[in-house]
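Look at the two complexes coming up: subunit A is in both, with subunit B in one and subunit C in the other.
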Partner chain A sequence: MYAYDQFDERLVRERVAQFASQVERRLDGSLSDEEFRPLRLKNGLYLQLHAYMLRIAIPYGTLSARQLRQLAHIADVYDRGYGHFTTRQNLQFNWPKLKDVPAILGLLADVEMHCIQTSGNCIRNVTADHFAGVAHDEIEDPRPSAEWIRQWSTLHPEFDWLGRKFKIAVSGAPHDRAVLKAHDIGVQILRDPVTQQIGYQLLVGGGLGRTPMEGKILREFLPREELLGYLEAVLRIYNLEGRRDNKYKARIKILTHEIGIKAFRAKVEEEFARIDSTNFGADLEEFSRIAAQFAPPAYDNLPDVSRKLEVAQAGDEELARFVEHNLYRHKRKGYTAVTISLKAIGQAPGDATSLQMRVIADLAEKYSLNEARVTHMQNIVLPDVRLDDVPEIFAVLRENDLATANVGLITDILCCPGLDYCALATARSIPLAQTLSRHFADPIKQKEIGELSIKMSGCINACGHHHVGNIGILGLEKKGAESYQITIGGDASENFALGELLGPGLPEQNVPEAIDKVLGVYLALRQPGESFIEAYRRLGLAPFKAAFKEVADAVA
Partner chain B sequence: MLLLDRRGAKEETFTRIESAGESGGGSILAPFALIEEILAQHGDNRRIGVLVSNNVTADALEPYFDRLALIAVVFPSGTDGRGFSLARQIRRRGFRGILRASGPLFSDQFPQALACGFHEVEIPDANAARQPVEQWLAAANRVSLAYQRTHGAGENILDLRRRARLDGEAKDV
Partner chain C sequence: MAAVKRPHMPVMLVANDLLEGDVVFAATEGWTRDPREACIARDDSHAQALESFAADEFRLARIVDPYLVEVTLNAKGHPVPRHYREVLRMLGPSNRLDLGKQADFKF
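Then we have the complex of A and B:
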């Protein structure tokens, strides 16, 4: 993990003091409300429906046991004993008091954490593959690149007042677990087939929200030393030329779409040619310094299979199911990455109590080299676990309502906070997620349905990634009532696709039966071994739409 | 209007004119649209400055760099950050005169303006009444470090780290 040096520490402490000063100057009238609002947002402090919300940055989702315990402590002392892990690998507290925020920031700084740029029209917290450093299919660990970008983008004086927010994600594996194509910039680490040199492919202009778009290739291959200079060129062109007349058209995706990727690329390349390349060497030195902190740990040489785990599984059906669904293949023999589902049946997706945070912190410390990861799917990963230790971990998880064996299944629902919390929402999302979770609770049924993602947003801004859910649900307000539009066929992976609408919106109570109809088509028509998304690609929208229509017509 | 730089408030030495016919006294600050006329009439004996909106390109300004003593980039609001990137381009392309940010910026943006290459900031009186010079000077160094080597004249973390490394190596010898 990256550890702060004296300079990182000083910068975060000074930023805390700066925010405290901004609050004071708002209270004494020096700053107008209009001026204070963006300053507060740039430090992660939102005003929600019922209270303030504080969003804490968890860069590329990485947490130490100590950091998790501190979050649990803050949840107990300053919030209501729980936190919400978000689709950007961050943590939100929903009930802090404004007067407590400086104290919370101080506690965060004590464990090398902050809320810098978790909101506002600036470069947001950088995300990455949650299996970084341990995935079997990885070309290079994306965390050093992500940390490098994090530092470069932190309090960047030129890019703090962009037309709109700007999100960057990094992946070091060919299988995309970081939704690169839905980011303003997606950074794909790859190896040049000819020179074998490691560098970056840059995608630009992806995004969800009210105008979903797939990121396009901006640069096929960028040598490492050019990454930060190139990002600077992209951000400068965006800052200068992105639209400012309409906030809904201000993201970089609209700029690249309106002028075309070729014209955008030409502008970036021209700007990049003017950038002072004498800094590149020094930047690389910094990259090496960061990368050294992510050097692989000293793994033991273990056998490929764990007899201990096999025996334990044979006598425990629930453990067997957990092993089947929640373990991910590690690059080292005898190790695994364990995903802890924050989607227990009927639970609000992504919520964890302070007790659960402490339990996970203990497990990370004892069994996973002191590290946990937040996934954009709102679960937690223990990345470096010995297969031999899985039974003990499972036993602890089971006692704490954390052992749900549903990763990648229909009840592993990704969901925004919706109208229960959010000032932007047009409909509630959590209650419907809970209903669906209960509706599909039967593990036999879930296994039969197989790999399938439901993603749900309570408004058009798409924090719940509904466009890229195999089944996407969008909550809207129609004539004073909540109405839910359903799309199918979305895909967040390297086979990126936006879902297509099945038909008119439905009242909440009809959504489960509509999804049953869709699943009925899949189960009836699928070929052996074919997942829902594969079947959809083969069959097209028509048969699903026809089945959906029966429900929609009955409602109408 | 309050005009200030990193040392504090300063006297305005440019006279704003709206047409080439006005002569003003001494140095002239005119809209960029008038630049050809102004240069033709006054270019030989006056210091010339131009007020440019933040959607003017650096390409359009560059041919005039040698003949301008001041470029004042207009910020229509504090939250429209185009001027920061324009300033960066203007400086990188070799403008040697004074670069001014003009508009309702707020004091927390002072260090950002300076880091992007502005020498001075000019703010409306109403804003200055809420945020006097002292607040701007206090804001300038509230965060004393930066990760960006390319921006600003202050200490950047990359160079500090490098120096610490070299010192460490020197001690090891």
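Then we have the complex of A and C:
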């Protein structure tokens, strides 16, 4: 893991003192609400439906056991004993008091954490593949690049007040687990087929929200030494030419769409040529310094197969199911990456109690080289686990309602907080996620349906990624009541696709029935081994739409 | 210029406590966290008086985001917001009945 140097430490401590002073001045009236609002947002502090909400940055989702324990401590002392892991790999506390936030920021600084740039019109926390450094299909660990970008973008004076927020994600594997194409900039690490040199492919102008768009290739290959200079050029063009007259048209995706990718590319290249690259030359040294901190640990040479795990599985059906669904192939023999599902049947997706955080911290410390990862799917990964240790880990998880074997299945629902917490939401999302989770709880049924993602948002801002769910659900207001639109065919991977609308919105109670109809079509028409999304691509929207119409007509 | 749309009566005035963030309601005197104690305005002049009180309190850095909420009154005379958003805001998260005002005041 990256450890703060004296600059990181000082920067974070100074920010704590600065925000403490700002809170003090707000309370004594010397800062107006209008003046204070953007300052609190720059520190991740929102005012939500019931209370303040504090969003804590977890850079590229990486947490140490110590950090996770500190989050549990904050949850107990300053919040209500739980936290919500978000779809951008962060953590949100839903009930902090303004007067306590400086103390919370101090506790975060003690463990090299902060809330800087988790809100506001700036470059947000950088996200990455949650299997970074351990995935079997990886070209290069994306964390050094993500950390490099984090350092470049933190308090960048030129990009502190952009037209709108700006999100960057990094992946080092060909299989995209970081939803690169839904980001303002997606950074894909790749190897030049001719020179074998490692560099970056840059995607630009992706995004979800009210105007969903797929990121387009801006640069096919960028040598490492040019990354930060090129990002600087992209941000500069966006900052200068992005719209500021209408917040709904202020994201970079609108700029690239309106002028076209070719014209945008030409502007960036022209700006990049003007940038004095010697300013960034020294950064390769910084990259090497960072990369050294992510050097692979001293793995043991282990056999490919764990007899111990095989024997344990043979006598424990639940463990066998957990192994089937929650383990991901590690680059090293005898190791695995374990995904801990925060989607227990009937639970609010992404929520974890302070006790569960401590349990996961203990497991990370004991079995996973002291590290855990937050996934954008709102689960937690133990990245470096010996196959031999899986039975012990599973036993602890089972005792703490953390052993649900549903990763990638229909109950692994991605879901924003919705109107139960969020001031922007138009409908609730959590209760419907809980209903669907119970509706599809049967593990045999889940296995029969196979790989399928449900993603749900409580408003068009799409924090719940509904456009890229195989089944997407969007909660809206219709005639003074909550109503849910369903799309199908969305795909968050490298085969990125936006879902298509099945028909009119439905009341909450009719959604499970409608999804049953959609699944009925899939189960009846699928070919052997064909996943839901593959079947959808072959069959098209029509048969699903026809089945959905039966429910929609009955409701209308 | 179009006339500013005024809410249907009755209304209550809701805001957030600046220091704590809690949802608060304008009461007969000052603020209350218990919506059952909210002051109910049945005509526009009373509603305007609530808004004027809230504007003063906002300037004094006691509350933020004040606005009027249209309500009906239940059999006990307690306010029930007309819109589901405001009902949720008054009660707390519907998936966590142990949190929010629904828990604090045992609704």
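A few points about this structure:
Convention: the second predicted complex is superposed on the first by the 553 of 556 C-alpha atoms of A that agree within 3 Å, B and C clash if a C-alpha of one lies under 4 Å from a C-alpha of the other, contacts with A are read in each partner's own complex, and residues count from 1 in each chain.
By our rule, a residue touches a chain if its C-beta (ideal position, glycine included) is under 8 Å from a C-beta of that chain, and two chains touch if they have at least 3 such contacts.
Note that the structure is predicted; figures quoted are calculated from it, not measured.
Looking at the shared chain after the overlay, A:Pro193 reaches neither subunit B nor subunit C. Residue contacts after overlaying the shared chain place A:Ala51 against subunit C, while subunit B stays out of touching range. Contact with subunit B, but none with subunit C, is seen for A:Glu285 once the two complexes are overlaid on the shared chain. In the superposition on chain A, A:Asp160 makes contact with subunit B only, not with subunit C.
The wider contact with subunit A, measured as residues touched, comes from B rather than the other of subunit B and subunit C.
By the touch criterion defined above, A:Gly315 lies against neither subunit B nor subunit C after alignment on the C-alpha atoms of chain A. Applying the stated contact rule after C-alpha superposition, one finds that A:Pro96 touches subunit C and leaves subunit B untouched. Contact with both subunit B and subunit C is seen for A:Gly29 once the two complexes are overlaid on the shared chain.
When the two complexes are overlaid on their common chain A, residue A:Pro528 makes contact with neither subunit B nor subunit C.
Looking at subunit A, you'll find residues 29 touch subunit B in one structure and subunit C in the other. Those residues of subunit B lying in contact with subunit A across their complex are 78-82, 84-86, 88-89, 92-93, 106-109, 111-112, 115-116, 130-131, 135, 138, 142-152, 157-162. Residues of subunit A touching subunit C in their complex: 26-29, 33, 47, 49-52, 80, 95-99, 348, 419-421, 428, 430-431, 434, 480-482. Every residue of subunit C that touches subunit A in the complex is listed here, in rising order: 16, 18-23, 58, 60-61, 64-65, 83-85, 88-89, 92-96, 99-100.
Across the complex, subunit A meets subunit B through its residues 5, 7-8, 10-11, 14-15, 17-18, 21-22, 25, 29-32, 35, 38-39, 121, 151-152, 154-162, 232, 236, 239-240, 244, 274, 276, 279, 282-283, 285-286, 289.
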